[in-house]
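The structure is given below, and queries will be raised subsequently.
In this document, chain identifiers A, B, C and D correspond to the written order of the chains, with residue numbering beginning at 1 in each.
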Amino acid sequence: MTLKRRAKLRAPATSQHKNLGTHMAAFTMRKQVYAALPEGEEHRGARWMAALIIGNVILATATTLLQSVPELQPHMAANTTIPLLCGSLFLVEFCLRLWTAPECHRLWGKFPVLGKCGSYLVSFHGVIDLLVCVPMVFILAGFAATGWLSLFGVISLFKLSRYVTSLELVGTVIRNERHTLMASVLTLGLLLVVLSTCLFLIENEAQPERFKSIPHSMWWGIVTLTTVGYGDMSPVTLPGRILGGMTMLIGIGMLAMPTGIIATGFANERKRRELLQTWKIVSSLPLFKGLDANWISEISGLLRTLMVPAHVTVITKGEFSTALFFIVDGEVEIDLHPAPRRLKRGDFFGEAGLLQNKPRSATVTTVKPTRFLVLGLAEYQSLISRAPDLRRKLEETASQRTRESR
Amino acid sequence: MTLKRRAKLRAPATSQHKNLGTHMAAFTMRKQVYAALPEGEEHRGARWMAALIIGNVILATATTLLQSVPELQPHMAANTTIPLLCGSLFLVEFCLRLWTAPECHRLWGKFPVLGKCGSYLVSFHGVIDLLVCVPMVFILAGFAATGWLSLFGVISLFKLSRYVTSLELVGTVIRNERHTLMASVLTLGLLLVVLSTCLFLIENEAQPERFKSIPHSMWWGIVTLTTVGYGDMSPVTLPGRILGGMTMLIGIGMLAMPTGIIATGFANERKRRELLQTWKIVSSLPLFKGLDANWISEISGLLRTLMVPAHVTVITKGEFSTALFFIVDGEVEIDLHPAPRRLKRGDFFGEAGLLQNKPRSATVTTVKPTRFLVLGLAEYQSLISRAPDLRRKLEETASQRTRESR
Amino acid sequence: MTLKRRAKLRAPATSQHKNLGTHMAAFTMRKQVYAALPEGEEHRGARWMAALIIGNVILATATTLLQSVPELQPHMAANTTIPLLCGSLFLVEFCLRLWTAPECHRLWGKFPVLGKCGSYLVSFHGVIDLLVCVPMVFILAGFAATGWLSLFGVISLFKLSRYVTSLELVGTVIRNERHTLMASVLTLGLLLVVLSTCLFLIENEAQPERFKSIPHSMWWGIVTLTTVGYGDMSPVTLPGRILGGMTMLIGIGMLAMPTGIIATGFANERKRRELLQTWKIVSSLPLFKGLDANWISEISGLLRTLMVPAHVTVITKGEFSTALFFIVDGEVEIDLHPAPRRLKRGDFFGEAGLLQNKPRSATVTTVKPTRFLVLGLAEYQSLISRAPDLRRKLEETASQRTRESR
Amino acid sequence: MTLKRRAKLRAPATSQHKNLGTHMAAFTMRKQVYAALPEGEEHRGARWMAALIIGNVILATATTLLQSVPELQPHMAANTTIPLLCGSLFLVEFCLRLWTAPECHRLWGKFPVLGKCGSYLVSFHGVIDLLVCVPMVFILAGFAATGWLSLFGVISLFKLSRYVTSLELVGTVIRNERHTLMASVLTLGLLLVVLSTCLFLIENEAQPERFKSIPHSMWWGIVTLTTVGYGDMSPVTLPGRILGGMTMLIGIGMLAMPTGIIATGFANERKRRELLQTWKIVSSLPLFKGLDANWISEISGLLRTLMVPAHVTVITKGEFSTALFFIVDGEVEIDLHPAPRRLKRGDFFGEAGLLQNKPRSATVTTVKPTRFLVLGLAEYQSLISRAPDLRRKLEETASQRTRESR
């Protein structure tokens, strides 16, 4: 009844020990190490490993930041223990990732010439993982890890982007809207040059020191168009101030444009994911397993959205209400005998109602406001009567499932 | 005919004197005190009580603010009457809330170990209610309520969040979108460190006083990325200004990102609430009382949205138009004999049209632009013919209601 | 065939000379003067009148602005001709508006005690119209119209809000979202006080001159939270800068919140107006004139939205395609004999196709991308067969219309 | 099967060599030159031509910017080679565009009196193309191209707007929302004057040098309302700071308003384009070619949206699943014999399933998350049975197509 729980049981088994029965020899150490290394959303790795890597990044960054403070430099600059420790940990991580790269399914097929290790080396995270080891080399070579070397220490922060999974949504939205965003950045650049030239021509006489060339004037332009407004350069003449006011109004538009684009992009991406969810819901139901897209699309069309507040009885024990409820959002409680059972997002109940017209065996109550997708008996039966081969298929699945005795 | 009015009559009775008939002893003073204390949206409490508490908060805050002004300190510091008065009122409120905590249904079940009084003590409002009493203790102990003590005076403002009911919507949206918002804050932090390090390396030579370390440079970074732009630190070299301009453009993106996320979050939460409203509307109709989620979902699917401008006749007296109209938004007027009657959001009319096919008894006209949910006779009858047990149930409800003679 | 054209012919007749036949005496001068005075969207008034009023407002404001410039004061202060001229024009306008107030339908019923003239006097525009006459009184009494009197000159700008009709949409959105916007302003206020108090406690020692009290610190708070950032006050200590950075991040949220609320509000209001438009479209069709809300809601449900690019043939002469097309947006061209005819937003064609199954008499082509609402013959006939009394009614209307020979 | 590929083959033929057979003489050089000149989205022109023009614009702008730098002026001012080179290239481009104007379909019918060359001359791009040639004239006449002449050099950037195709979407949104945006700009102007007047009256005494007149105070107003905040003028008195704080809050609203309007505008425009896409999809199918708008609208209503994740089998070889799939977004792979074939946005498959009920000839799998529009057999057949003349038409098209043996 709970799809997700099953999925959880299966999921690690699939990713870690794939093809367990067939290739016993694949139980190498490399697989275990790869399984422990945290990577992306699907493969979270060992918790202590993630904590170690994140701690190391924070330590390296903090050291770099503090080394730059003049008051602390006498104490920090001499101290090479921490940078060396961080650096060697980064190096170990890089070597492990390079070694286990063949286990990673993401790297497959991007650069077939380079192989998987090569693909890792030229990937964004591979480059970062390598670059953060650079300071250690210099320290070992006797240089101080200050100046431009400190940039390599700070770059290690990009390693953290592996763990912020919501970044993927943000990235998708920006990628989808990149053309429109680019157009607004280009418009900004165009207006920046033209407005700055005009202001240079107007203000040059009054403030020859500040507005001494168009490139200088462009610094005023970008500071004003982005509404930052440092105040180190500002027009003083009347025509300059009128042009400045217009520049500010345009600047508001330059703020409004990307915001509007991104807001629409988020709304659109969310809609796409909701559409995708419907497909996932229908195809995840054991009853509809193995149907092809055409039938799943037919069944999706029959689903009704139902939003129910908290503490409401959805179905009552003993009643003949016959529909399948799929939980999109929220939580319900089934009052089973020894202890009540909770179902969450991704679970469903009432499957039997569609197949056998018998009374409900338990009362189901919502715990939080819950959104369901409901498949009614009437719609389901009219679909089945129109499609005899779908009926045959579903009856086979059902009889098979009862034999397996859930 | 007006659901809301009835609900109003029932509502206070339910929350104040629940189980009136069964537990006569429950009419304790505690219940009455709890009923008077304002709390959240559902339980607004006595008006004068709310005015007293809000007035006390404003008085305490104003006193704290004025005490910090050097010119006023000779007069204010000596005066301990007002802080003591405010403090004792806060203390009384805290004691009353602690005493009546067992009456509050919200506190139920959060920390079962602590009991309800304990749950109140560790809840956000409980901590605030306690903290605002601290200055009084120090004043009684002979200290002046200045310095860090003044923070406790200001904290009392958080007590006001109990009365701003729209905060709940804002809070829900932020909670729903917290992962995406967090991702954009983390991105901001990452960019802040990297960009500040770069600018430090570029500008350190030109302005060693201002950009003297990476942490100092990060102050410039946050001031620029958030487009605040104090102007106390700004790059002067050409590469520094180019990097500064890029930082500002990224800053616009940093503004656009949370705005886009929150705008989508609001749109989404509104959609969820509209879905919930449909459920509430159908299940609130006396005709459909006691149906379970499956049927309510079926009936919801039959509702049509209808938006009508102001001053339009919706149904005419004597006509045979047969549909049930539910008011989602707006206002209508029924021309009844002694005085016309107004129906608002949450009311409905035309129920009889679904059950008995007789002419309308009164003309209904919109007063404002009104949005209806309409349940047509044809759809309703086709539903009933498909579901004989629903029909039986509805007929029972209807006959019971006519016997009760609305 | 063009509803709008007819409406245009009827509209002024209705508003200007209402009840022409019954009350011949009502052709007073007052009605004519009222018709000439511009007022709101529906009643635009005479063009030269609007130009005169707008010109007068701009003249009065410009005079006030220039009078405040010290260099110009010797020349301007003595000159009382322009202020007197503007003032007397304002006075004439006020008197005319007061006199014609009984003609205005908007003022009806707001304050029944005061009557219509009284309602005008206490309305927003009435107060503004009166206030702008104040400077003239002082000038006639021998005072110079400088100092606080100049505010009255500037207030005349509010008279312009009568002519910006899109303001109504903006106003509606803000009114709809006022509770949520209020909540975010209150949150801002709360955070302002708490954050400013903290920064005062932190920075007071380091900069006792700048952060000398909490109210002074609040000036920094509001300047930072709104991301204005003058730079006249800014923290210099490390804890102060950390708190400052957090304040800026919260400030971004304070910008994002109202933007998100208003964006959702605009989307919502647009949806409401689109729903309203469907009603208007169906009820404006001569065929469906006089139907009550129930039937219009039924017919609305049958409409399909169709978006067609420019330069596409919608219906071909001689074909039997049978549907009614209503133009929501865009423009089409009918190739009639002497000269082609253009139909725009609000027009419809193909009405005959629903009633008589005869070939199309002309080809219709889109000129711009056009959005239609289409009522298909099949849906229309299934509706009519379900509702015999609707059929009878429609046939009556149709026969009546053919007799009137469009 | 791939509509787009065919369209590509046809498209250049249509635009370049239109009416090839009939007017052989039209193969003039003018047509070839016009085809090489880049122009808008539909007619991209020759790649090297676009690179040359863009390079020339960048060169001209860079020269202008560098000429304004005082340090570089001795070297730059004397050098007239680059400006002359750029100018002559601009002149050649202008002449070519003027000469080939009669080939451009966009310029048709805007100003019928002027003809096509005249229309080009008065169009936005025509004016820009002419203006950028001005500096050359002055240089040839012996003047230095500095001062206000440098504006003409910068203006050449506007020529680039021809190549940023996403600007069209941004432009459409702004045009659609212009009334509401205008209303918010006017509101800003109104508030600017009123708030600045108030602050002038308050602050004039305390800072007579800074706030010396209302126009001076308006500079503060616009700097604050747009949240730029230079800090060159800021209130110091208590009432001035309270008004300043209110101005900042209003400024946040002034930022929120256009952002909200533009976000809604983008969402709306996207919806319009999606609606338009449905029309394009249905009318682009060979099966439905030549149907008029009424039938296309009927068929559109039968389409179901289906979103499928990556790596999912949509149809299986040998199955009887009978529906037509149209790809809205994403990519699928058909496992054909020699090499698999990929279909993208705009392609469709399964057409045969609608007409002949035979098993699928190949398996189709999604490569990316893909959005389909699905036309099911059941819906299609019920439509055909209702409309015998549509059936006849479709059968004719189908038999014709099989004869043409795709």
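In this text, contacts are C-beta pairs under 8 Å (C-beta built on N, C-alpha and C of every residue); 3 or more make two chains touch, one makes a residue touch a chain.
Source: prediction; values computed, not measured.
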item	value
Centroid-based (C-alpha) most distant chain relative to chain D	B
Cα superposition angle of chain A on its copy chain B, in degrees to the nearest 5	90
Where chain C and chain D are represented by their mean Cα positions, the distance between them in whole Å	29
Whole-Å gap separating chain A and chain C, where each centre is the average of the chain's CA atoms	41
Junction residues of chain A, two or more chains touched	215, 227-231, 255, 259-261, 263, 267
Residue ranges of chain C in contact with chain B within the complex	179-180, 182-184, 186-187, 190, 193-194, 197-198, 200-201, 212-215, 218, 224, 227-231, 234, 238, 241, 244-245, 248-249, 251-253, 255-257, 259-261, 263-264, 267-268, 272, 275-276, 278-280, 283, 292-298, 300-301, 386-387, 389
Residues of chain D defined as touching chain B within the complex	227-231, 259-260, 263
Residues of chain B touching chain C in the complex	61, 64-66, 68-70, 147-148, 150-151, 154-155, 157-158, 160-161, 164-167, 169-170, 173, 185, 188, 215, 218-219, 222-223, 226-232, 254-255, 258-259, 261-263, 265-267, 270, 304-309, 312-316, 319-323, 325, 369, 371-372, 374, 376, 378
